[in-house]
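Chain lettering (A, B, C and D) follows the sequence in which the chains are written, and residue indices restart at 1 in each chain.
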């Protein structure tokens, strides 16, 4: 068996580590890596005799909902989802995310799909993990051009949820709600803090206990390739084919 | 075949006459006579090549809804129900209805079941038919002790629906919204206007074209006894047994 | 590990604490009568019954047994068998507080909790004595420019969260998903409840989510805290699609419960 | 008389008038692609697309064909095949008005119409640029004493009524009831629409209401104005539970539609 860890597998492994205390993880549109991570965490939880529910919206099989497309949002608002993933065309240093486009709205320069459910999910799910593979001054910016959902809110706004982590190809950040700032906690083994400062458009703190992203161990990589990959191919066939050739 | 028309059959026939222009009639809890009338009207509509939908909540077979118990109210609020029936422990001259009890609320003297959905249905269904078999100063009162739902509303209140008729054992009244008053239009053949004034607790007008309640013709009574009675026995077995011995 | 928590009826009853807001399904949604009798045996006190939107023998028995301090409902009735005698007696003598409501309001208050919004608007109701006596309801002028009639009065109803919901269903699958068919008000009740327990006639060794059509008939296990297998768990009430109500028994109850003594005698026989 | 109105696709297309608000189902709810192509052939103008909550190739084709003046959506995307090119181009060049929204808001606005209330409250959203640009949305202080946080800001969304909804479904029964399975957002769309037309793969000679479980899978005929039998009516989109999307075809579209010319060529081939 080939134990060369692929970039996507490393990211899946990083995300799975963040789901260990969850009871219910939901995964939204166009998210093969978070989807694989959630299924991996669920599989590993079984060994610990723990029950982790995974809801993957773009799958029939892993979609636990029966009340129509609104149930994800109702369920999240009820506090029944512990972790959800959001991306962004741009993400800024205060964890504002932009899924709409670049340029000055509404006269937009480059239009992207839109905000999806982010403007509610970001407020009500306790652990939002921001996930954006590309880590560059183009994606991680000082200030987003359009706020699809704000990273922090005024005190009187109902907000039990919000950003906890930001994962990219290069690094994992933790978000500090009080300082309204990201803090670097793990970096890819090929990265340096110095280079990260250069490729990140916003200022960030650096954790005392900063460490390298650990590679998944043999056990985890076996589960991922043997059990999870075929599941992923049910709802993200293109992705599964590209990564695992299935 | 016995063509002696029973009291309940006469009432069913009266109600069916009021449903001739409808596309959708709904029937709520504990309403065997309105339920039978709606099914009779539906059957007769077929001969005129017209489609009348009947929703009977207390039946599985004639319940057209699939969105849970709230769908009746949503559907009515959307304007998709033309006629609904309401009763009352007391009904007064302004068509206020009381389903809660007698005496001064909340220190009630005699408690009845409660208002059910009347407080919405009365506002949104264009033709509400009030139906109360007992016609006495005890049931038809000057002023109800508790308003479960008001007969008329202030101008600024959203109210596309409201009372159109009141049917009792003795008479049929039409409600005049502008005058806020009932007007007698049909009486039972055994009744006189004079006696009705005596047994009715509220003042009412008398129609110019007042007439006797017509008995159902042979054709109608045949449909009722042969086709409708067995249907009714599905959801009101006690009633069907008492009236038709089935 | 087991894919859901199978409990005994006693374990479910033990989850109900004095003073809890208990969700009560209508007679067409699966009334958990066996559970109710166990609850009465336990002697729970000061329950607040939230009926969606009405209750029949279940509520009347709980009230007659002194378990209830408050009830929010659109109706309490024995249907074809007349009024609910213990309820009427308790209200007439001021033994319980009744928050009189109307069906759509009871649905809307739970839908507010389902969506986690502080209130839900409703039309109708304004000008009734129901509204007059509900201090927790609030009327505002419609503030919208783009919808409704400018400045029409609109009733706002508070979000209500249930402490616990118990209902009876035909079956669950092997993963704890509950078959509710088109009794979708049970989903609303579950979404709005902190804890949900279900008694079922049986557990099927299938997965409802294997098939899109059977998936459509179920309440997902994620809302359910525990399941107990209880045969005939709704008797003498009906279990829609499975068995009809036992009208003889309900009639017997309706006659017995007309007096305090008759009710006491009936309950002694029925709790045996 | 027939128990429902069976129509030709042309008769359904003729119901869509210039300027109508057209309900658009998401890619998982049954996209009526054959209908959409006929609509484009007809040359309808100034449609307002209301997406619940997003659209893929259907919206992109309608926009590219010049049928649309306004779109309200949480996203327009070709999913795994990238951005919706005609949509992006139209927005970037100011050819259409986009009312940017977020999924739960699109659901809630239809639920307001479903309940016939002037507005629906929603939490979240406040402080986003979505909210900033929606002049039809309104924020009030929570006026309730008994629920929510006193004086928290609450977003109110207007009730939106659709002029017409068209979607594709696996089948209807002989009485015109439509099988929607657990795609219950289709029920909300239908409840909020003045007229509803459905294309189906086939009509089954059964009555869904004969059985409580099959009843639970359907949208009642009372909401449906007409049905047309259209084989493969969602192609190249998926019909959940029946057939998958034709990814080759969508990829082909995604590449062709990158330019105006490529889109024109694709549409000539596809409308043939």
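Going forward, a contact is a pair of C-beta atoms (placed from the backbone, for glycine too) under 8 Å apart; a residue touches a chain by one contact, two chains touch by 3 or more.
Here the structure is a predicted model, which means the values were calculated and not measured.
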| item | value |
| --- | --- |
| Which of A-D and A-C has more C-beta pairs touching across its chains | A-D |
| Distance from chain C to chain B - Cα centre to Cα centre, in angstrom | 28 |
| Centroid spacing, where centroids are CA-atom means, of chain B and chain D in whole angstrom | 39 |
| Residue numbers of chain B (touch at least two other chains) | 60, 65-67, 73-74, 77, 124 |
| Residues of chain C whose C-beta touches two or more other chains | 104, 115-117, 122-123, 148-149, 152, 182, 184, 187, 212, 215-216, 240-241 |
| Topology of the chain contact graph, where touching chains are joined (line, ring, star, complete, other) | other |
| Listing of all chain pairs that touch each other, if any do | A-C, A-D, B-C, B-D, C-D |
| Of chain B, residues touching chain C in the complex | 29-30, 58, 60, 65-70, 72-74, 77, 99-101, 105-124, 146-150, 153-154, 156-158, 236-239 |
| Chain C-facing residues of chain A, complex | 24, 46, 49-51, 53, 55, 60-61, 63-67, 73-75, 77-80, 124 |
| Chain B-facing residues of chain C, complex | 26, 28-29, 52-54, 73-77, 79-80, 83-84, 87-88, 91-92, 94, 98, 100-105, 107, 111, 122-131, 133, 148-149, 151-153, 182-188, 240-241, 247 |
| Contacting residues of chain D [partner chain C, same complex] | 104, 108, 112, 115-123, 136, 138, 140, 142-149, 152, 154, 156, 158-160, 179-182, 184, 211-217, 240-241 |
| Interfacial residue positions of chain D with respect to chain B in the complex | 1, 3, 113-117, 184, 187, 191, 209, 212, 215-216, 218-223 |
